[in-house]
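The chains carry the letters A, B, C and D, assigned in the order they are written, with residues numbered from 1 in each.
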Amino acid sequence: MIVKTLSSDHTIGWVVASFTTLAIVGLFLPNWVLNGTMFGLARGLAVLGLLLLWRTGLISFGHALYFGIGAYAVALLEKYTGVSDIFLRLAAALIAASVVGFILGFVLRNYRGIFFAMLSLAFSMVLYGVLIKSEALGSTDGFSVSQTTILGWQPETKYPLFLMIILIGALAAVGVHVYFRSALGHLTTAVRDNEIRVEYLGYSVARAIHLKYVFSAALTGTAGGLFAMALGQVDPDSMVNWTVSGELVFISVLSGPGSVAAPFIGAVAFEFLRTFAFELAPHAWQLIVGGTLLGIIFFLPRGLWSLMEHVLMRKERRRG
Amino acid sequence: MKKGMLHSGLLALALSAFTGASMVAHSAFADDTFKVAVVSFLTGPAAGPFGEPGRHGAELVIDAINEGTMPAPYDSVGFGGVSIEAMFVDESGGNAKQVAEYRNLIEKQGVDAVLGYISSGSCMAIAPVAEELQTLTVMSVCGTPRLFEGNNWQYTFRTQAHAVADSVAAALYIRDQLGDVKDYTGINQNYAWGQDSWKFFDIAMQKLIPGSSGSDSPQFPKIFAGQYGTEISTLLLEDADLVHSSFWDGDIEAFVLQASVRGFFDKKRFISVAGASAVDNLGKRFPEGTVVGTRGEYGILVREQEGELNEWFINAYRERYGVYPLESSYQYAQTVLALKAAMDKAAAESGDTPNKEQIIAAMKGLEFQSLAGNVSLTLGDGHQAVHPIGYGVTAWDDETDGPKLVDIRIYPTHCLLPPVNQMSEEWLEAAMPGADC
Amino acid sequence: MDNASSILRVRDLNKSFAGIVAAKNINTDIKPGEVVGIIGANGAGKTVFVNMITGYLKPSSGSIEFAGRNITGIEPRDATHIGVCRSFQISQVFMSMTVMNNLLVAISLANHDTRSLLRPLNSMRRVRECEQVMERYKLSDYRDQVAGTLAQGVRKLLDIAMAVVSKPKLLLLDEPTSGVSVDEKFDLMDIVVNALREQGTAVLFVEHDMDIVQRYVDRIMAFYQGEIICDAPPELALRDSKVIEYVLGPGHAIQLVGDRLEESRHA
Amino acid sequence: MQATLTLLLDGLVYASYLFIVSVGLTIVFGVMKILNVAHGGFYAWGAYAAAYSIGVAAQLGLPDWFGLILIGVSSMCVGLIFGYLIERLILRRLYQHEEVIILLATFGLFLVLEDLILLVFGVNPYFAYQPMVYLGSVELGGIFRDVYSLSLLGLACLVAFVCWYILNRTKWGKILGTVIYDREISLAIGINVTTVYVWTFIIGATLGALGGAYISPTISVAPGISIDVIVLSFAVVVIGGMGSIPGALIGAVMVGMLRALAVHQFPELELFVVFAVMAIVLMIRPEGLFAPAKVRRI
């Protein structure tokens, strides 16, 4: 029954097929594109975490907290135990972020709107304050992260890591998609629309939000871990500062809430937009990025994905 | 499923749409140029005092060598027969961004070597990536000794002595020139450079001036914090007469401005190990009587020093940029000269345009003449430079209506740095055996 | 009244906000399947009473018993679990979702089974159940319309339909016809009351329109300043002097339409 | 005793600075319900405009005290120009959106303002020490204090008093009070809410710019100075209660004193305490310590 539903679902079909395509294309990509794509996809995974909350009407202005926890979990694991295995690294990132998300969830689940945004910001800045001033945690410099090994094997190229990232991205996308389709997932929208009704239908809004918050933290934490592995470096200003949270929110707005694939497309687009903007106009790339953000808010409130929807819809219509 | 495949194509296309265009745009470079990226702070608080002068220093010397207009021994045209095409890259934005940018430089822009880096944080972050990508990377300014201590990099070099040297030189200068110093404290930035600098200075003081004692609570504000009112108060409240600081970039300038209004420099003796740029940038606002050093024979320290290369550099620099070259101008120029020396040597040995391995082999253990003194790469298995370091006291020169350093003392290499194969901290703790200055 | 046969028992219920009394010594019993109207001027304490029963407000003192169990100060969602549901004065539906999805969410939550929540929302079983509800509440025509675009009357129906999919034993309707046009009012109430009587659900509803009240209820509770001033069948209640003075307004002529009442009871 | 006095003064000076920087933020939030990230951009622009004009004045040989006037003038110019343009061209079209979307739009504006600085003023730092040097220093509690920093205390008091006076003693204040209480009602009784919004935003922007302009003589004015300022002022405003001027005052004093205490006693806690207090206050009183009472509609 479940298999049947899954196979009849187009989105899952695309995700699986396009990630397979990407895996093949990845073999022929030059290194810098592979790197950019890895950074983009890892950030996309973090944005997928934000999307989960956004569907409930919550925008976290402090998700760099989990991105940073994931990244630092990988770096600290190596520093203090020497472990560089990809599975252990991922587990560390996932568990660390989930545990923190679970604890903070008890508080944050009671907040909405701007207060949710601000309290998330406060929590992430607490971590930032700790990292910046603590020599044992690398202070402003952070740490280098050595190349990732896979069950004791040290790959020659970045391709295995790339494969891992797209695999995890695909799994997360399918997982989140199935979740959105489930009754529980629809509760997400229901909670955003009307909390009172959800309570009167007999479901705890606080629990629904808490659950989602932990999932979101786990996804973003994993993303941070993958990002650190792809980059080979962690530091507070590029992982935990409020500007990073802002960037993640920016990518979610750029992508739009329409589909689980949108964050990945948006994030990869952002990665290359930034690379080129930075090359062409090193003193004006923030201007380009900020202007894009304003443009999206004004003209494409449902993000880049709405362009995609538009194309798809027209095609359907022509066919039908 | 057919439809699924179709859409997947669309999606993959969207994801790699950016690929095609950019791959066409960046094709291979001609054989007779050697592409070099020069990284320094082009924006942010460190751009004015360090990044821009550094960039100018590199630019000036690269152009002169490409044209063959430099004095001997660098008067041959080009680097081992090839000319260098330089691109200048911004160092600001944090370590993670630097690492990403570095990968871009190698894998996208196809540069052959990367020069520069000012912040110790950048250097520590870049070295492992340089190793991974097997790219010749020559550091110019950064000062943390950890770069080569405990690491065995093959592709990374540093044409510049590290923080141990200027800390020891500072302590030597204090012993020799300031006489009876008992207590001292410090204000340093809260990252590798600031923490190391204070630590080494503290140990060196203990060993060189027995009976002196460092503060229990030196200040470590965040880099680029900008406002130091509270920190200045705490320093003023401490009993110590001497204040050590490894502030550089905009922080030293802000600190000096804020502190001098509060009479800080009348009450305390201040020693700045990396703030020489501020002496020029602040002019009359920089207090006289401050002990200032440059990590090497650079900038204001050697402004009056004779020598063909030095005089050429000062004049050419002033002509082109309208100001005196600063410490970082010398440091970046020095890196370019090291590259020139290594590439010439490699070309002479191979009789042809040298390849990467040959250049690296030639640079290992290289000894070369810099603008105002000699440098040799002896530490870190031939990757880490050593050279003399000097300090002086600031004064105003009415003749030139500019700042100058007086009571200059330059200490020789063997007094400043551990011998090969000894870790800096061990050497310091062992009271610097072999340093007979 | 016989205690054993009443589904809701309210005893000495009081509520005050910062010194202002909103409910005072409320005592009442509701029998299974009974339809009771609550009337009163604005601010008389009707909604406060409803909110206390469904757990939105905690009473200052007194007790509420439902089916023999003390539910004083219960959480709204727990009230829902044991069979006390409500609709709202302003329709509380999921505005951005279709009618179908509104009901599907309500149905998927109705059986309080976590595992079923993980299945796709539009599973066959749920869709079938949903179609039946839409049939009963005459919502089938609006199946794929987004709730935010519905006419007030339809939205009200949806609101009520969502409240009853879990087959509650007691349903509280807070002004079911407010904001609904005059033409639609009776149709709406016909649909709702008929469906509920079929299920045997006891109904407690707040209403301003006396035509509606007298046509559908078995009993009227009239509120004034937080107190019940009259609790009687409609024929008596609407002639009560206190009710006329404090609720209907002096000089308000009431015409009882007995036959309509009969009609709805036997429908 | 000396140490305590120093700590107190350090804390108060920093608190004054924080208050001036964040009071504009809280006013804009109170009236317009906008949490304005671009406030940091106004701060940076104020600093640059002041530093630049003071530099020009010094080159022209104008006396040092003239810089103090330029600080006021340049922050007003920045506030007027950017405040007006941004409200008029951007924010006005967004009022129907959610708070968080407007927050994002101001984040976009912040990025744009940051780079405009680079394009207009270049990357090199500016120094505008003349006003600070002009005012000299004074000995307090055994150590020297620069009069300029102490004057921040006076400026903060002045700003606080003017805000209080306008809100409580003028017709303008009553109008503002009504708009803060309920936008719909104000429209209904004939208040020109559009004008109120424009002026509120201009005043908020001017105060942000004033913060930057006033601090510019003591720092090296360089790109990126506003990144830390904006979160610090968020912390101040959130602690005090968003939209409350007395709240901003209390928040600023709390953060200022805590930071001073940390720097003096536990330097490694400096940044941590500020945000920890922000988080704790939000957890205990989500609306902040002095939030204006809100009506809960059900």
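The criterion applied here is as follows: a contact is a pair of C-beta atoms (placed from the backbone, for glycine too) under 8 Å apart; a residue touches a chain by one contact, two chains touch by 3 or more.
Computed from a predicted model, the values in this text were never measured in an experiment.
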Contacts shared by chain A with chain D include exactly B
If you tally C-beta contacts across A-C and across B-D, the winner is B-D
Per mean C-alpha coordinates, the chain lying farthest from chain A is C
Expressed in whole Å, how far the mean CA point of chain A lies from that of chain C is 44
Rounded to the nearest Å, the gap between Cα centres of chain C and chain D is 52
Chain-centre distance (mean CA atoms) for chain B and chain C, in whole Å, is 77
Cα centroid separation, chain B vs chain D, in Å, comes to 37
Residue ranges of chain A touching at least 2 other chains are 132-133, 196, 283
In chain D, the residues touching two or more other chains are 118, 123, 267-268, 270-271, 298
Multi-partner residues in chain B (2 or more other chains touched) are 42-43, 220, 222
Contact graph of the chains (line, ring, star, complete, other): other
Which chains touch? The pairs are A-B, A-C, A-D, B-D
Counting only contacts in the complex, chain C reaches chain A at residues 54, 75-78, 80-81, 85-86, 88, 92-97, 101, 104-106, 108-110, 112, 116-121, 126, 162-163, 166
In the complex, chain B touches chain A at residues 1, 3-5, 7-12, 14-16, 18-19, 22-23, 42-43, 90, 93-101, 103-104, 106-108, 120-121, 124-125, 127-129, 132, 189-192, 195, 220, 222-223
Per the touch rule, the chain B residues reaching chain D in their complex are 42-45, 47-49, 51-52, 92, 217, 219-222, 224-227, 229-231, 233-234, 236-237, 250-251, 253-254, 257-258, 261-264, 267, 281-282, 285
The chain A residues in contact with chain C across the complex are 2, 5, 178, 181-187, 189-190, 192-194, 196-204
Within the complex, chain B is touched by chain D residues 2-3, 6-7, 9-11, 13-14, 17, 118, 123-125, 127, 129, 132-133, 136-137, 143-146, 148-149, 215, 218-220, 222-225, 228, 259-260, 263-264, 267-268, 270-271
